[in-house]
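A, B, C and D label the chains in the order they appear, each numbered from 1.
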Amino acid sequence: MKNTIGTNVTTTIYGESHGEAIGVILDGLTPGIPVDESFIHAQLALRRPSGKISTARQEQDPFRIVSGVFEGKTTGTPLCIVIPNSQTRSKDYAATRSLARPGHADYTAYCKYHGFEDYRGGGHFSGRITAGLVAAGAIALTALRQKGITIGTHIARCGGICDRPFGDLAADIEALSTMTFAVLDENAAKTMYARMEAIAAEGDSIGGLLETAVTGMPAGVGEPWFDTMEGLLSHALFSIPAIKGVQFGDAFDLLDAKGSEYNDPFYMKDGEVALRTNHNGGINGGITNGAPITFRCAVKPTPSIYKSQDTVDFFKNEDAKLEIHGRHDPAIIHRARVVVDSVTALVLCDVLEGRFGTDYFSAK
Amino acid sequence: MKNTIGTNVTTTIYGESHGEAIGVILDGLTPGIPVDESFIHAQLALRRPSGKISTARQEQDPFRIVSGVFEGKTTGTPLCIVIPNSQTRSKDYAATRSLARPGHADYTAYCKYHGFEDYRGGGHFSGRITAGLVAAGAIALTALRQKGITIGTHIARCGGICDRPFGDLAADIEALSTMTFAVLDENAAKTMYARMEAIAAEGDSIGGLLETAVTGMPAGVGEPWFDTMEGLLSHALFSIPAIKGVQFGDAFDLLDAKGSEYNDPFYMKDGEVALRTNHNGGINGGITNGAPITFRCAVKPTPSIYKSQDTVDFFKNEDAKLEIHGRHDPAIIHRARVVVDSVTALVLCDVLEGRFGTDYFSAK
Amino acid sequence: MKNTIGTNVTTTIYGESHGEAIGVILDGLTPGIPVDESFIHAQLALRRPSGKISTARQEQDPFRIVSGVFEGKTTGTPLCIVIPNSQTRSKDYAATRSLARPGHADYTAYCKYHGFEDYRGGGHFSGRITAGLVAAGAIALTALRQKGITIGTHIARCGGICDRPFGDLAADIEALSTMTFAVLDENAAKTMYARMEAIAAEGDSIGGLLETAVTGMPAGVGEPWFDTMEGLLSHALFSIPAIKGVQFGDAFDLLDAKGSEYNDPFYMKDGEVALRTNHNGGINGGITNGAPITFRCAVKPTPSIYKSQDTVDFFKNEDAKLEIHGRHDPAIIHRARVVVDSVTALVLCDVLEGRFGTDYFSAK
Amino acid sequence: MKNTIGTNVTTTIYGESHGEAIGVILDGLTPGIPVDESFIHAQLALRRPSGKISTARQEQDPFRIVSGVFEGKTTGTPLCIVIPNSQTRSKDYAATRSLARPGHADYTAYCKYHGFEDYRGGGHFSGRITAGLVAAGAIALTALRQKGITIGTHIARCGGICDRPFGDLAADIEALSTMTFAVLDENAAKTMYARMEAIAAEGDSIGGLLETAVTGMPAGVGEPWFDTMEGLLSHALFSIPAIKGVQFGDAFDLLDAKGSEYNDPFYMKDGEVALRTNHNGGINGGITNGAPITFRCAVKPTPSIYKSQDTVDFFKNEDAKLEIHGRHDPAIIHRARVVVDSVTALVLCDVLEGRFGTDYFSAK
């Protein structure tokens, strides 16, 4: 399987940055889920670049749902979304076509596709392709919400500035759902934004840390081996460009902890099994335990920077200097967080239908 | 797909800790790969517990290859390995059957399997199941070595003690291949081992950090979306019990770096494209770039500790105290590293045959 | 997996008959395959209805390739084709919405999708969806032809009239490639066509038998169990609407034969292993033997007829009479044959890349 | 995927005819299904050769369930069955190792596995491997029966002799479940058996037609494209050695029928939607309609016959004469029918869990 992920609910993406269109097919979702185009637009807007910390390219995402929705609801058959490209300035790229941008996929694409790849604007590797994931993810998020499952992601760290940790999850996720710059603490938001602007002004770029929480997941979902909840989520998350690390619960942050510190004690709360801490991120043995699923993604700095870089010309097989012009994001972390939510939603829909059947999201 | 992973080369595991046998089926590997049973034994020995930092249970792994090998070589048809269980003391577990061990899968297994699960010794969730992965992985490692691809993993950190970083990869991987306690720096090894013994003596447990390097991978392997090299590897790695975080290259360690610091410059070296640094762990845009693949796994502390813990009785739905007896590992990180190598080998064989065909490993 | 098929080369379809568009995503095909839009148009024309034996609806298929092709060649990334719908007269269907057409999917769709399905014109079950398969199949056929593999299908029987059997395969396949009404014998063609017109005039419909041959397949492709060549091909072929039976070689036609009659003797021909007969349809033990792959598909009569039929109203749960108006095909066998070729091509591309790697079709 | 089939419930087989063991892993079945070893033995006995129309080799199938069953019930984790081989007379095969048996997989195996295949007794291609399918199928049949779903197969035709068609399905399936020679009409059974003995006495072999019915399947299961019920069933059925054709409902038997004859009228029966005829075999648009699923499989004659045959020596690349000795079945159709039931059960369990969730078979 290549550009398709999922078993029961599948997501297939297509498109190149400067081709005619990009898009997505979402298949297998329970019939009857309401499809609210304005919510899809709102989610796409969260992904769209804005301000000095984003590319100047004004991406409009006037998507069309060309199948799979009838009378405002999912039919259960493949839902195809087409997002036409526009405002493409392809000649920005032709001159540097064979100069491998360090940190980017130009050279690896050449090794894999032998020069037949559409190199313009990153082609099929462009972050723009994630718009399809966000559009499909919006529908998945709606399905999950009907079952009381919510997802939220904030920028936990960027440029050395840290946001406050998650507090009241319900309130935080609600707040994040409409926040343009997803930092929970207002002062941290200002400092972080200023830091990002400064780095953009240098012609450089920055990454950081995204933290995600999922509430409302039933216990008992996931497999003990291979299709663990961690395995399924990370598999999907790593296809978000720039994500290079994924941890569930505290993992890398508690490398020296002892078992007596790391184990999450169970207790009875209002007649339900609950957990006092959540170092395991809501997952034991690959299976959800009913606590919130929490994970953090390390986002590397955007590779396209305006500073001169050493590289090679892979047509000529010789050393070269690269100076990038055109429009590039000095950071994508603030845009990537809605992609993380979307990809998470798609994976969870898939797993939940596998566990409880294809009518799960319609069941009362 | 549940206990099977892979597309072109598939691995299927089975077994419970205290059942009749555990094992693995490896399918789709190129016919003609030599199967050296003594190498499989050697790899299993690296996984086997030893000393005070491991369980006192003396696991013998007298495996039998019951299919898929003919005249000492892989046939290309399913290779099934059976590893009988022995020395099982199942009554250790019956008394605490409904007391959820914090950090362990007892409660989540109950939610998923409704009490029909074999609870003895962790059942299908037991780390013992990884013996099958190691046995299959040994054959995969042999196939890879025939194409010049090698894999090695060391304990980069445990109990606050750090090993030296990888240096000369060829030499380090060679050294690790026969090292019982996989720490490259001798002094670090001693201190670390002493620290682990001390924690074991407390009745507590410890995790840490594993670092892995793969040399010799050709460039141009992996997919841009979903089946990225990172996605495929992490999917498999997260099924190793206790692994809760995976990062490729530097990810979490360089959260505040700028693009100008993180990007790996390309240059020509002896007529080949090479990279000056490897912050991206040998992968750009989900596809190998020819540099070593490097990743680090966060290993949480073993959940079974001898200290008294708060928990619930999930049969009675009431709070309870848990005191674990029986035989348990105070640490599994030193045993897990050969599992990491094995799982990595299985994933790479799968991806390489997908890219280059099923005869890849026999080709000259 | 739902509307996606294949492992190495995947095909995903989407769309409803009266929605905005239908289409297909073809993914994983070797980069650099020439994409000739006029050939795709020619293939779509073979599928398009014409004359009195087809629906009066004039389907134009002005497709757009919106991704995956760059400078006239496949990029190797997902190739998405969008075929807009037009000329839809949806109100023909609303009146009979809850009357299950016998032999059609109205009732089963209702059971599966609970009334959320787009019922207009058969919705996602419409034969129109096969246009996407034909468009993708045209590209797959081009890839195969580069390796000397050709596919052809003729109407072996319809309305009791039989075509002559395949003779010189190379010549027959060449002739079929541009034939509008795919019957090899001219007289049989005339009689058969007249018979189909007569049945159409009655307001009834007819099916028949399609026979397919594939030349040039290398020996040694396919799996012994499950992913046998027969299993893979039939899996895909049965999704062509109206196909209800698939046989490889002579199967149902030689039910009483003895082994001494059915076995295909091998012999040496010009230094190559060859077969004197081909009762096994080019496949032994699930794997190609180098002889042409041959199979026959039983096509049931089109379910939509103009005669009054007994049925139920599944909203009211009561008996009902159905009189169908609108535009319907009295036969689809003459249109289905290009769909069979296309689906076969897609399966073979998938299997060949799995066997020989993703660059197979570019290799010299 | 190679020797694994299924998505939600998966079946993986392994083994060679003359290796140490053959077997199967059944994974994903609902926890809590009773596992009755005597029923598995009974099913294996139906598959075992007996009398003059079977090989003289006395296969004992003393299987061991080594995982996945606890206290007599499925755990929901992989259920591995090991069936040791015994009574193997391997030298029967060495002499003719490079002589391709016509109709058999020797030559295609050589093309695929390059001579590394275990050639003894058909190796991994041996019909003996189906014992694993029967063992796993017995458990699947038990799960289905708990939901009121039953499966039965009879020999509809062999050697020109026809059995009576299915009548009262409940009674016929019940009768078939313990019948050694699965022919419903007693006189037909005697004539057919005598015919098979006569052909065996000639040193020749025979195939025939198997007819299968499934009762109790809920409506609304299956996919409109690709994973149609027909596609899923045929995919699996074609891996049963000697099956070369599969038709659902009447297909090949009603090639000249008109729509008005072939369409199955719906009507209300006791408040439920029912069908007056079943030419479509219980499936419309790939999805079950609630009528019995019916299909017929064409079984080719066993390729191993005692008559002298023309062939090639594929080591020497020269023409050769083949005289087969050893023990071979003059017919396998009477043994294959329980394999058809088993494979069908495995596919249906997979599809039903995909539709209704993994607890489906335990639900009241």
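Just so it is clear, contacts are C-beta pairs under 8 Å (C-beta built on N, C-alpha and C of every residue); 3 or more make two chains touch, one makes a residue touch a chain.
In this text the structure is predicted, and so the values were computed from the model without any measurement.
Distance from chain C peaks, on a Cα-centroid basis, for B. Centroids built from CA atoms put chain C at 45 Å from chain B.
Here the CA centre of chain A is 27 Å from the CA centre of chain B.
Under the contact definition stated at the top, the residues of chain B that touch 2 or more other chains are 1-4, 7, 13, 77, 112, 124, 224, 359.
Contact topology of the protein chains: fully connected, every pair of chains touching. By the touch criterion stated above, chain B contacts chain D in their complex at residues 1-4, 7, 10, 12-16, 19-23, 25, 27-28, 31-32, 64-68, 70, 73-80, 82, 112-114, 116-118, 123-124, 359, 362. Residues 7-8, 77, 224, 354-358, 360 of chain A are the ones touching chain D in the complex. In the complex of the two chains, the chain C residues touching chain D come out as 1-5, 7, 13, 100-105, 107-109, 111-112, 124-125, 129, 157, 159-160, 199, 202, 204-209, 219-228, 230-232, 234-239, 241, 243-252, 254-268, 271, 273, 276, 279-281, 283-290, 298, 300-305, 307, 309-312, 314, 317-319.
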